[in-house]
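Got a structure for you, written out below as structure tokens; questions coming shortly.
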């Protein structure tokens, strides 16, 4: 009967349960022969199991363990299988599809870390290294990693899951949590990252402006807590509309009443920026004098606006070629330690796909389904705060 | 061809459209013979119509107009039909079912206002007057108003609909509104009512405590803005739990983390109050020293806790006989000028049913469906604010 | 250094992780000395740990393990602490607050199962046995179990969690699941339980009628799949309104349009039943001829209607004394193997509180928050299906 | 005092109320001098008003009336103001921003209908005619309509609002409606349109596949009720994943359980189509054999997939240049009589922006906020059905 040696965070990641379930489902017999607990909490543990598993089962088990950042040591690990792509934008059928966890490939006798790690991509061996590529970027002849041999991944430890500061948010997404406490905790985390010269990126949708959070968010920019900004056409349009005409979607921000003729203000805002040439030029020409986009431009914070099928206009700054927009997003997210997503499901999922699992993600939305969806799609490190974006950003600003 | 004289707020309430639709649906011919607009905006207008309508149609039209606060003058109005109840808790089949608008009955040649007006009840003539009774309070022999003859009702004018201060909330229920503006406006309205010695009643659910609004709400009580308080067993239990053990549903309110053994704290809170005898006695004995219930008791603000099928315990103060609980609620709501409902669908609907349409109602909930439901069930004067209850009450307190 | 022997479903319930976290949080040193895996999957495993834990820590650890159905064997277990109640409706301060899992007490040298197990209650020793009592039912002098000594609980195994048939629903509550598959699976489970003479109880709210599920639900009753029915006043009123007048909340069920004068139909329905005396009498007198309540009465299925603060009328069958209503619910739920909850948050939580964790619970609601709430409050065995109640019951009926 | 003659659907569109409110807000005095009701229901009515309004007020009133399809006849109407654009993609500051209602411009003494009408665009006079252009399509020198003079618009009459078949859905968006009735009614409307050779377009998101509606939707295609299909990358990917591997997002569609290695199936699906070249080629090569995309391709139904910032892959058929994608959408929507939107907020809003108000729109989503948002953004003719997309399409198919 083959003997398997499994190494990983066996206790923390509950691997015995997963193995037990795996064996039961396949009606395999097994027994635990030995169990070594790591000396310190962060050390890997190992377990030795006897089982009547066959080679195909071992492949499946290996895949399962890899998903959890563990690996089989009791079998010939060997080198990964590398096969060439036969056509641009395609890979061999049994290609390895990536997670968003830090990953290593066993190349030439040692573990080599994968560069540009992201979810739902493939691994391509280039030079002596290995890089994570989107399917559409694969060229005919690229060497693509297939199967699961010679790969190991490192899911986040408890600490990188933000568990310490945000433990109270729990796994369940609920509107029945103390949001003032969440604001205070996020503020403390932002201060800590700021002090350590870490990078904080914000993703936001127009609801931030509609719910009156524009001023508080501008304050965050001025205080230096926004290091890059990702958004859609609409948030920029409505922010600029607020600056130029005092309305948001035609509604007067001071009185809350529809302004006379206000329904065309968002089109007027687009027209004004188009006349100036771009947001930056509008700021330089004194056309735009306040608000989120003004403060981003004045503070020199890089931003990227990505287009969507529903965009009017759009603004000259909005990138309607989404291949380029995805590249812009990825470039601004590079090196982020914390990403805060405010009321924008689509752009949050888009940004989430580009993030390695070591990045802390906080998602604020009044709709609990948005956070659930983000987690469903793999960004398990996401912490959700179900609340009103405008009031939340105010509370955040008061704590910074 | 009969000639109908219709009197009411023809312009403001769009009666011509309603009449036009009514005639079309029944394929009746009609023409407008004359139209008198009231001299001032508040004055009723009248319209004279020729139509081939039959008596049954006139009854239906009369019913339709009554729903809108208008009435037919061009037909014999006569006295209302009064029939005796044949059995306790029952009424004759064609009984008149009330709206929650101020209503008058034509008795002995003059219009007499109905006392204790509420929705989904019946009219009973007693002494020389007329009173609104719940079905279950009707006794055999009571004279019940039947049909629609001799009744006229007065829906709220624009002004009592809070349109001036809250116009910006609009009819649509949405989470994309400025909630800080809503808080500021509600605060101003509360100040105005407070200065005029008007009565403000709050209805609240436990989410107010879970989302951290307890302290701010206590501040509202201390400032004198809470004149009566309606709630369920749970809000009192979790508020007391917060005072005695610093947790809400077992979660530490300072750290947000589950407290060790905290899951039993709400049962301990009930036990502590039961030992003291009641909330009031717990305050007097120094057992309860802070929080919403403490401040209500200390300030002498009357409160009523109504039971529900899900209640643990309950607290000795919670009324589990709902006939009595409904009476308690109705008594505390009497004379209210403004009712603010915080995160409690069931108790909000319960209170809403008891309110005349002249009372201003503001409903705050993170779930837009709650406000929609409240309006669906007839409380059309309700203004909904879709936001986080805890943060909202804080914003409200900061503006008072 | 004390040595702890811990026994339980160590692998399945991930106890090593829990212990590890417990030790870390308290900065305790510990090492695993030995680990015995149970021979078969259902057998308990045991682990022996050396740790510098103190007696207070051992109490806390014991409490933690109990919550998970495990226990410390390496310390003096002894007899439970029993203290008398000093006042009706109260218990000693350190009383044991129950979970809804099957529980045993160590009495006179052996483990005795607790009767009438339910959540958030206390244990009272009477005669030679032990019974679970609601706080309000405790009388002065009753012997109440305090602390956590001598108690062991048995959380559901995987199988009773319905994991096999409903595994696909997963832990996350989402509207993005195949609801036709859920209907098919629930139907199969109902057939299985029906064939084995098991008991199926339904809890339902008025949305079942509004969304057009009344006919399909009546079919379930006729086919013998409804063994008890729990609901509020509103579902009965609207079901009867549908039978008598063809409307639900005044809306014609055939055309979907508001019926002329329809807004008073629910009051007419209450009046009609009040005249007959009760629902059963209305069926016998031929007043009520179809619908859910009719079919329940004709088939002799026991039902209980519990009142709420928002009830109009109510129907003579609706119990407005909620202490009695809770008893009625508990009596009908007794012996249930499966409880299906349809679109009624309040009554679902109410029923959920009364159920032992071995009972399968399926909760159907269009609002994901309802299921999340039910699970938050402890009914972790609940499986949620986020869909339209009317269409779901139709799909269920088609599969039976 | 100037005399205003206002012509339009004064009764149906409640213009007197709007005028009354307008006058009150500006503290203008006015009196109704005469009122002519149109002979038949569809005929315009007119009203003559004396008022102390000034020219600026007349402009505002004119704008207000235009929004409602009415116009001032009592003032010099004259020709529209036409100004040239000074720069590509920009228009003069007081440009006229379009509604989505059919619109006419007063050119050379007669009313000329605007071509390619859509919302939030501008009017450009070219040749002897007038065309609706998106801001970004305006070239320097184009003659743009400014102000509100010489424009009249025609909002939908009651009938084109689908009021007859769908009146029961009402204006309020609620999950408490009979969805089987909605399915039956929509089916009848689709039959009617189909029989009259009208065009029906569907917009759909991936939830349609996740909730199991793929098969029923394929049946609609086969029956000839889908004349064009708009969607995002995800619905095509998950539909193809279902065909090739029997999973949706890695979940087995038969068992509902996660398939082993299933998380990479959506990437495998993209890879398979990329290898074939396109969806059409995959169908021709026998790679793709069932499902929505297969049936669309086989039946020759035109479809357009529009990219988004969150897209993996994407499929070779997905257009990532959103300017082109918007053109594709607009081309397929041209001539549509009915557009049915299934569970896709973004693409529904996108398509909604491109539709004239005479097009019937039905929006099906389990989240009431989606429909509310669609209406908020101007597509007031939208009828919302809050239900489970998968079950709804099944019910729809059963009625066709």
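First chain written, first letter: the chains are A, B, C and D, and each begins at residue 1.
The rule we apply is simple: a residue touches a chain if its C-beta (ideal position, glycine included) is under 8 Å from a C-beta of that chain, and two chains touch if they have at least 3 such contacts.
It should be emphasised that the depicted structure is a prediction, and the values quoted were computed from it without experimental measurement.
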Least hop count linking chain A to chain C through chains in contact: 1
Chain located farthest away, centre of chain D as origin (C-alpha): C
Pair joined by the larger number of C-beta contacts - B-C, C-D: B-C
Geometric centre distance via CA averages, chain C-chain B, whole Å: 33
Where chain B and chain D are represented by their mean Cα positions, the distance between them in whole Å: 37
Distance from the mean Cα position of chain D to that of chain C, given in whole angstrom: 45
Of all residues in chain D, the ones touching two or more other chains: 175-176, 367, 369
Chain B residues within the chain D interface of the complex: 11-12, 14, 16-17, 20, 24, 31-32, 35, 37, 41, 172-176, 368-369, 372-373, 375-376
Contact set on chain C toward chain D in their complex: 167-169, 175-182, 185, 207, 210-212, 251-257, 366-367, 386-388, 390-392, 394-395
Residues of chain A that touch chain D when the two form their complex: 60, 63, 86-87, 89-91, 93, 95, 97, 120, 122, 134-136, 232, 260-261, 263-264, 266-268, 270-271, 274-275, 306-314, 316, 320-323, 325-326, 329, 346-347, 349-350, 353, 367, 369
